[in-house]
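As written, the chain order gives the labels A, B, C, D, E and F, with residue 1 at the start of each chain.
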């Protein structure tokens, strides 16, 4: 799908301290995949600039965020599997 | 021990979103009792000004903070019991 | 409040042992309350707190056995310990009645804990001088 | 990477069902990986994640039974599901061997989960193309 | 004896929100006045058009819509938290009152509790 | 195949820190290079003179002092986190290296994992 050095999978809400840590430690060009409560980042409008952002569609739909998911690339579980294999490295925050 | 309207018991570290919320919702003159990871607030030096601050001694000792607990009133479990009864209201964050 | 007045507490524990410090802090509090002449009306386990009532925990021998410590304390002082039925069934904590009802292979509720509904919490809240919550921290 | 290359995954689940979404997300991922022709080498339950291996969960009938769904998936695809022994013993998850060793009143490990040490995680990590972690969120 | 049940964890990712709702419903069932306050990431419970079928859970919107029927006095949401999660009043489910997270709010209740 | 185990939760209040340590020790036991990074509230693991007897737990300082013996390559701590918790280098247990929480640090490791 894309060239990604490190894929960061974030399932914490934006208020969780680990969400900040994830943002701090991402390199420009890394990928960010939002899952679980992590998709709430879409609602805050504070997506990182320098990165490709993906969001797991069933989690986005559960939280009623389908209409603003356009700021990120929506992926299903099959695409999530592909992303984890294409990235050189995966970190689950 | 003291006149307290509401006693706020906080067992979250200062980075936890609920710790901020507790500070936001305290009235001047309320009491703050730090337990568990809540005692780490002593290490940050950011105790609220307007409140009486207590810290549960065994939790302070566990975390090696005895030398700076002087910024708060150290209490044991027996004193914690008394505090919860003397306050008009207790909120466990 | 006079020195000798006896007050009653309901304690609600929502954090699991060996995952949070909630059952530890709650026990320290409960022992101090009893030693000061107060009464613990009941202890209500809610959410992940129901794991405190497990009969199957086997922590390393050099660590405190929190379910055992709590059971002994409840028995010694004839205090009722109740695990919320909805929390317990989802999390795999059952007594023999629930084992039969749901045709499960075993029961794992530790004596003297019992299983009952949130009404026990509501009642404790109404009857007690103070209801205190012991949550997972971080 | 070619479309048809088969890769292997080790999945580590550290969040409990009915407390976190970790086992749910992990199952969605695992099913998609298998459907895409990849192999799940093993699933390792760690920390609170060991509760997924409970044989005694009885969630309301209109809610997904995550331990049952996971057991069926593991059995259908002959995937090894391992609960970390240290995490499991502290949290009250035991098979018959551990029941006897610690003289416990019952066993509650759901088939086909097994109990073993962290070495299983290390081995999975070495052998698999990717090791992914499914933690509790919030 | 009016009780405020606070929900500061988001829906679906954790169970505490559902368990907080059960607490409020239980109070109401025993004729004890109870209100709900959603704050922080908890306000995401209140967004319209949730659909949790894809993650194998029940949509919490339905649980919440039962609140008035069960006798919950008020569903409150912290204004600033709603703003930070892009929630306008028009994007909230029906029956929510916006308030400010502060000491004055807490002082209106005899009891305040979290589910976890 | 060098692994960085990250610990961002404080000691005693939660078990994940101890379980992260067990992960690192296991890697080392199987001759897999492993380092520990303490960050956020996790840096409080590294304070001298902890005494957990009063809360019925084992002091984590002892667990941690075993790290070099078990073959852990390095014990790292985020500089900014230490500062925010009032930890000077002199108040840390022996053998800790201060680093900055950033992408450059992560790039030195093939794997990064949390215990929970």
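The rule is short, and it goes like this: contacts are C-beta pairs under 8 Å (C-beta built on N, C-alpha and C of every residue); 3 or more make two chains touch, one makes a residue touch a chain.
Labels paired with UniProt names: A, B = Sulfurtransferase complex subunit TusB; C, D = Sulfurtransferase complex subunit TusD; E, F = Sulfur reduction protein DsrE.
The model shown is predicted, which means the values in this text are computed figures rather than measured ones.
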Item to complete: Return the chains common to the contact lists of chain D and chain F (Sulfur reduction protein DsrE).
Response: A, C
Discussion item. If each step moves to a chain the current one touches, what is the fewest number of steps from chain B to chain D?
Written reply: 2
Worksheet item: What's the chain with its C-alpha centre farthest out from chain F (Sulfur reduction protein DsrE)?
Response: E
Worksheet item: Hey, which chain ends up farthest from chain D, C-alpha centres compared?
Response: B
Worksheet item: Highest contact-pair count belongs to which two chains?
Response: C-D
Worksheet entry | Computed distance of Cα centres, chain E (Sulfur reduction protein DsrE) from chain D, in Å | 32
Discussion item. Roughly how far is chain A from chain F (Sulfur reduction protein DsrE), centre to centre by C-alpha average, rounded to an integer in Å?
Written reply: 26
Practice prompt. Would you mind pulling out the distance in Å between where the CA atoms of chain A average out and where those of chain B do?
Written response: 36
Worksheet entry | Inter-chain centre distance, chain A versus chain D - centres from mean C-alpha coordinates, in Å | 24
Discussion item. For chain B, give me the residues that contact two or more of the other chains.
Written reply: 11, 13, 15-17, 36-37, 58-59, 92-93
Discussion item. By the touch rule stated above, which residues of chain F (Sulfur reduction protein DsrE) touch at least two different other chains?
Written reply: 10, 12-15, 40-41, 55, 57, 111, 113-114
Worksheet item: Tell me, which residues of chain C touch at least two other chains?
Response: 18-19, 21, 25, 28, 47-48, 63, 86, 90, 133, 135-138
Worksheet item: Touching pairs of chains, which are they?
Response: A-B, A-D, A-E, A-F, B-C, B-E, B-F, C-D, C-E, C-F, D-E, D-F
Response to the item:
The answer for chain C against chain B in the complex is residues 1, 7, 21-22, 25, 28-29, 31-33, 35-36, 38, 129-130, 132-135, 137-138
Fill in: Residue ranges of chain E (Sulfur reduction protein DsrE) in contact with chain B within the complex
8, 39-41, 101-103, 105-107, 110-114
Item to complete: Using the touch rule from the top, collect the residues of chain F (Sulfur reduction protein DsrE) that touch chain B in their complex.
Response: 10-14, 40-41, 44, 47-55, 57, 59, 61, 84-87
Worksheet item: Considering the complex alone, what residue numbers of chain A touch chain E (Sulfur reduction protein DsrE)?
Response: 11, 13-15, 36-37, 40, 43-45, 57-59, 61-66, 68
Worksheet item: Touching chain C in the complex: which residues of chain E (Sulfur reduction protein DsrE)?
Response: 1, 3, 15-16, 19, 22-23, 26-27, 29-30, 32, 111, 113-116
